[in-house]
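In the two assemblies presented below, subunit A is common to both, partnered first by subunit B and then by subunit C.
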Partner chain A sequence: MTEKVLQKENWSSFVQALADARELWLPVKEGPLHKFVPYSSEQETPVDLEGYANSSVPPKEAVFPQTETMFRYQTGDQEICPPEAIKERVLLGVRPCDARAMDLVDHVFQWDEDDTYYLDRRKKTALLGLACHEPFPNCFCTSLEGSPGSTQGLDVLMVDLGESYYLRAVTDRGKKILQSVESSLEEASEQGKQAEEIIKKAEGKIGRKVEAEDVPEKLAQLWEDPLWDRISRACLGCGTCTYLCPTCHCFDIQDEVEGYEGRRCRMWDSCMFGEYTLHASGHNPRPSRRERTRNRINHKYHYFVRKFDKIACVGCGRCITSCPVNIDILDILSRVKEAL
Partner chain B sequence: MKNQGNPYIPHLATVEDTWYETYGDRAIKTFRVVFQEEEVKEAWEHKPGQCAMIGVLGVGESMISISSSPTEGNFLRFSVMRMGKVTQALHQLEPGDTMTVRGPYGNNFPLEEWKGKKILTIGGGIGQAPLRPIVEYVRANKSDYGDLTVLYGARTSNDLCFKNEFDELQKCQTVSSCHLSVDLEEEGWTHFVGFVPTMLMEVNPSPENTIAITCGPPIMIKFVLQNLKKLGFEDEQIYTTLENRMKCGIGKCGRCNAGPLYVCKDGPVFSYATLKEIPEAFA
Partner chain C sequence: MVDQAVIREKAKEIVSREDVKHLVGWRKGTFGYRVSPHWVETPEDAEKLIFSPLCSPNLTTYLTLEEKLPLPKGEEPDRRKTALLVKGCDSRAAVQLLTEQGIEKEQVLILGVPCRGVIDQRKLEEKFPEALGGVEAEWDGDKIRLRFPEGEKEIAREELLAGNCLNCRYPNPVWAEEILGDEVEPWSDGKAPGVEELEKASPDDRWAFWEKEFSRCLRCYSCRNVCPMCYCEDCILDRLNPTWVYRSVNYSENTAFHIARAFHLVGRCVGCGECERVCPAGIPLGKLNQKMVEEVRDKYGFEAGTDPESLPFQASYDPQDQEDFIL
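And then the complex of A and B:
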């Protein structure tokens, strides 16, 4: 097992060493929010992780961009040019819930037929995770097989020990990355134990919980239940819950033309939008927010379970924190559990 | 079939021939296309019931039923109703023009399983497009199947697709019986007047050793299913093909689900036995 310690005074040289060998993404403060962006040494904003809880937009953007070019063409001409391949990259400071989410989304993009765009990025993206020691008030990862120190999906787990970080390689790739930045690291001794304690303490701080085991089965029986009317009444259909969800993966495909330059691109879409399912004829199989809310919850807690045997929610709490009308997925789940 | 491993990169196909099936606001135009690359032409295999993403570069793509049977030759046929942005652009294509095609997508009608059975198709409007390959396939493999009965209706005689072909079907020996309907009385119309589900009761087909396949507007499908049950058809003898808005065609983009099923992967062909467990399937 490769275990290292990074003194915080060596943070800058660590970051620079990571960035020298590959593209580095890390959470940077933009206004009050954190967002994962590609690192550049000229960047003015501080790149340390002090005061960082989690990014408002999940890091899924690094493997599944909000908008990406699928191929280009010249209008009139019929030649299709696929985009250039991306470089190896590393995401620094990914929270364990978001890494687990990528593991879940992998199922979608590789079942039956491979999604080359996603899988190429995913294969080339290493995740250096940061364990949580101060969970958000709406975190509930421990209810969904997660933990503030979960290593699922990570290549390296980092734990903030105050004056230093403890780093543990989870995969061979993680081991190689740590070897490549060895000069800024020290060998770990007792820090592993200290890290375990911090994680355990963080687990204890998670206040919100749900027992989700029976939810898939209950949802199947609640199709016509009036609870969907009650739940969706407040919904504005803004789609924030889905855009900020690390497991949401729905997309639209559109052509864009400027002059003779054309490109086909795909962009995040949301099942909370009416147009998402609207037929050309005007018919809409999910005509109101009642059906759309029901679909969102069923997709995460029922359909995904039937297909991939896992709940497509990691308990990051973003949909709760960011909903403008305070719709709370844990509240929905408890109503589902009570309904029968 | 994969295109350099990237399922989203379409193949180019040349429009060989086009004609209008119906005119007006909801005009339907049929395209006969062939792939431009020999390799693709050779490798392409589809079965009755499957769909393809067809489109125009610069505008977009739509999922359209392949309305030809592989038994007809080395080309594909699509019948497209002019409805939105993409179908509008497709309608502007003339012989010699290029369209993009990727696929084939979805499952297919289990025609192998149906060998030895009588086949009954019940179509409405543009819903005949996915049923047409069954009719052609069964005609081409006549000795493998029992009687072939074709029921088809549209709002008016001007809304009927494949009219010339139906004239031929009514005369030909490979089809046991062919019935046409329009919703309202028309001068010179000698066939059935009324809705397709009503015509079904009138024709009164026996469920014995028969497979019934229906496609049309959701409301028609609903009543056809009810009437098939009244006629004594079991759930396992009834098939339909669904459509939903689609973007990827390969079970990723999310939108075509009917409950836990993706229409693009688990469908578009479903037996009624499967569908009746899925409340959203009839939404």
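And then the complex of A and C:
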């Protein structure tokens, strides 16, 4: 096991060393948003690894961009131009829940046909995780096999020890990354234990929970229950919950043409939108917010479980925090549990 | 000001009426300071109703949000009224909907609650991070009193109020079947803070300002969907043939979206501030819409949603109207 310590005074040489070898993505603050963006030494926005419980926009953007060019073409021409090749990259400061989310989404993009766009990005993306110190009031990862120090999906786990970071390689790739920036690191001694204690303490701070074991089965029985009318009537039908969800992965594919320049792109879609399952005939099998809300919950806690034997929710709490009308997935789950 | 008990009693009485389907009000949310829309169907449901400076949601949006699905053969549509609790700005939204025939008078029962302005959740979190752990709020003259589990704190009202409330001219509902509680004294001349600064900036600086803001947009459409005035069944943004606004999320398309929406709200925006409140990217949409509100008010003396008998702004014409913009 490779265990290292990074003194915070060596932070900038560490970041620079990472960025020299590959594309580096870091969380920055843009307005009230915390999001991951590619790092450049000239950038104005401050890198902020400590001022947030989690990024407001999940790092899924790095492997599943909101808008992605699949290929370019000239109208009337048979030739297509593939998109630019993706560079090896490393995401620094990913929270454990978001790394677990990527692990879950991997199932979707390779269960029948391999989605080369996604898998290429995913294979080239290393995740340097940062354990949580102060979970957000809506975090509930511990209910879903997660933890503030979970290493699932990560290549390296970092733990903030105050004056320094403790770093532990989880995968071979992580080991290699740590080797490549060795000059800014020191060997760890007792810090591993200290890190474990910090993680344990953070676990104790998680205030919200759900016992989700029986939820998939109950959801199957509640298909036509009037519960869904009550749950969905406050819903505005916006895409906030799905766009900020680290496991939501629906997309739409469209051609965008300007003059003779065309490109086929795919972009995030949301099952909360009215046009999401709208057929060419005008028929929509999910004609109202009732069916759409029901789909969002069922997809995560029922269909995904049936298909991949895992719940497609990691308990990051973003959908709860950001919903404009306080639709709370934990409240929905408890109502589902009570309904039968 | 109005006592919560009065609202609850009134709600019980209203939902017991045969011609009322339900009443929409506010209740305490599931965490921190959040408030949730609340549907009262039975007198017992009314016990959860609250009214406080945290009750930002403009509930009139629910009048048009309900999908009207085809009914099974022989089934009659439910024609009972929807009762709503409205603040001053919310009531203007109801009036605007009425004048542009977005709703029918018989369909609604409006109960007004005078309001001293609601709290901007971002200001609250910034000044009192502990609010995420739970807080209740109430107005106390020119102050807002916050009740945390650990004790009470007081803060001057203007330090916490949402931007649109700071320049609110209609804190009292302008149209309601009944107004619950005493009216409050208006406090503003309607000039929005921040708009004047932008007006004074050079066009290049203004452009740079909006470029930065719009680039952040996630295109979740929460601003459009929460807006009581955005109720087109076939929105220009959802159109695919022709596609007026591409789905690509970038500065150019995002700008097209926001400018299209701002223009569609000219003379219709009632300044309830919901678009700005719900934006996860914190884009100051209020400034954009408020600029249009001020233009329409200064040039044509029209304020949306203030007179149930008026014609909608863009459907009215006065020979004295300014024409200097026509080339």
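Definition applied: the second predicted complex is superposed on the first by the 339 of 340 C-alpha atoms of A that agree within 3 Å, B and C clash if a C-alpha of one lies under 4 Å from a C-alpha of the other, contacts with A are read in each partner's own complex, and residues count from 1 in each chain.
The rule we apply is simple: contacts are C-beta pairs under 8 Å (C-beta built on N, C-alpha and C of every residue); 3 or more make two chains touch, one makes a residue touch a chain.
Since we're looking at a predicted model, the values are computed, not measured.
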Inset, instruction - Specify the outcome, clash or fit, for subunit B and subunit C once both structures are aligned onto subunit A. - result: fit
Inset, instruction - Return first, second, both or neither, reflecting whether A:Ile86 touches subunit B, subunit C, both chains, or no partner chain. - result: neither
Inset, instruction - Check the residue A:Ser288 against both partner chains and state whether it touches subunit B (first), subunit C (second), both, or neither. - result: second
Legend entry - Angle at subunit A between subunit B and subunit C, C-alpha centres, nearest 10 degrees: 90
Inset, instruction - Scan A:Leu161 for contacts with subunit B and subunit C and give back first, second, both or neither. - result: neither
Inset, instruction - For A:Leu227, select first, second, both or neither according to whether it touches subunit B, subunit C, the two together, or no partner. - result: neither
Inset, instruction - Quick one: classify A:Asn138 as touching subunit B (first), subunit C (second), both or neither. - result: second
Inset, instruction - State whether A:Phe251 touches subunit B only (first), subunit C only (second), both chains, or neither. - result: first
Inset, instruction - If you've got the overlay open, could you tell me the nearest Cα approach between subunit B and subunit C in whole angstrom? - result: 5
Inset, instruction - Take the contacts of subunit A with subunit B and those with subunit C, and give the residues found in both. - result: 252, 254
Inset, instruction - Write out the stretch or stretches of subunit C touching subunit A in their complex. - result: 29-32, 34-37, 39, 57, 61-62, 65-67, 69, 122, 132-133, 213, 216, 218-222, 224-226, 238, 240, 243, 246-250, 274, 277-278, 280-283
Legend entry - Of subunit A, residues touching subunit C in the complex: 30-33, 56-57, 66-67, 136-138, 208, 230, 233-234, 236-240, 243-244, 252, 254, 256, 265, 267-268, 270, 273-275, 287-289, 320, 322, 324-328, 330-331
Inset, instruction - Mind listing the subunit B positions that touch subunit A in their complex? - result: 2, 4-10, 12, 57-62, 83-84, 87, 98, 218, 243-245, 247-248, 250-255, 257-260, 265, 279-280, 283
Inset, instruction - State the interface residues of subunit A toward subunit B in the complex, per the touch definition above. - result: 70-71, 73, 75, 78, 80, 82, 108-109, 111-117, 223-224, 249-255, 257, 262, 264, 266, 269, 271, 276-281, 283, 285-286, 291, 295, 298-299, 302-303, 306-307
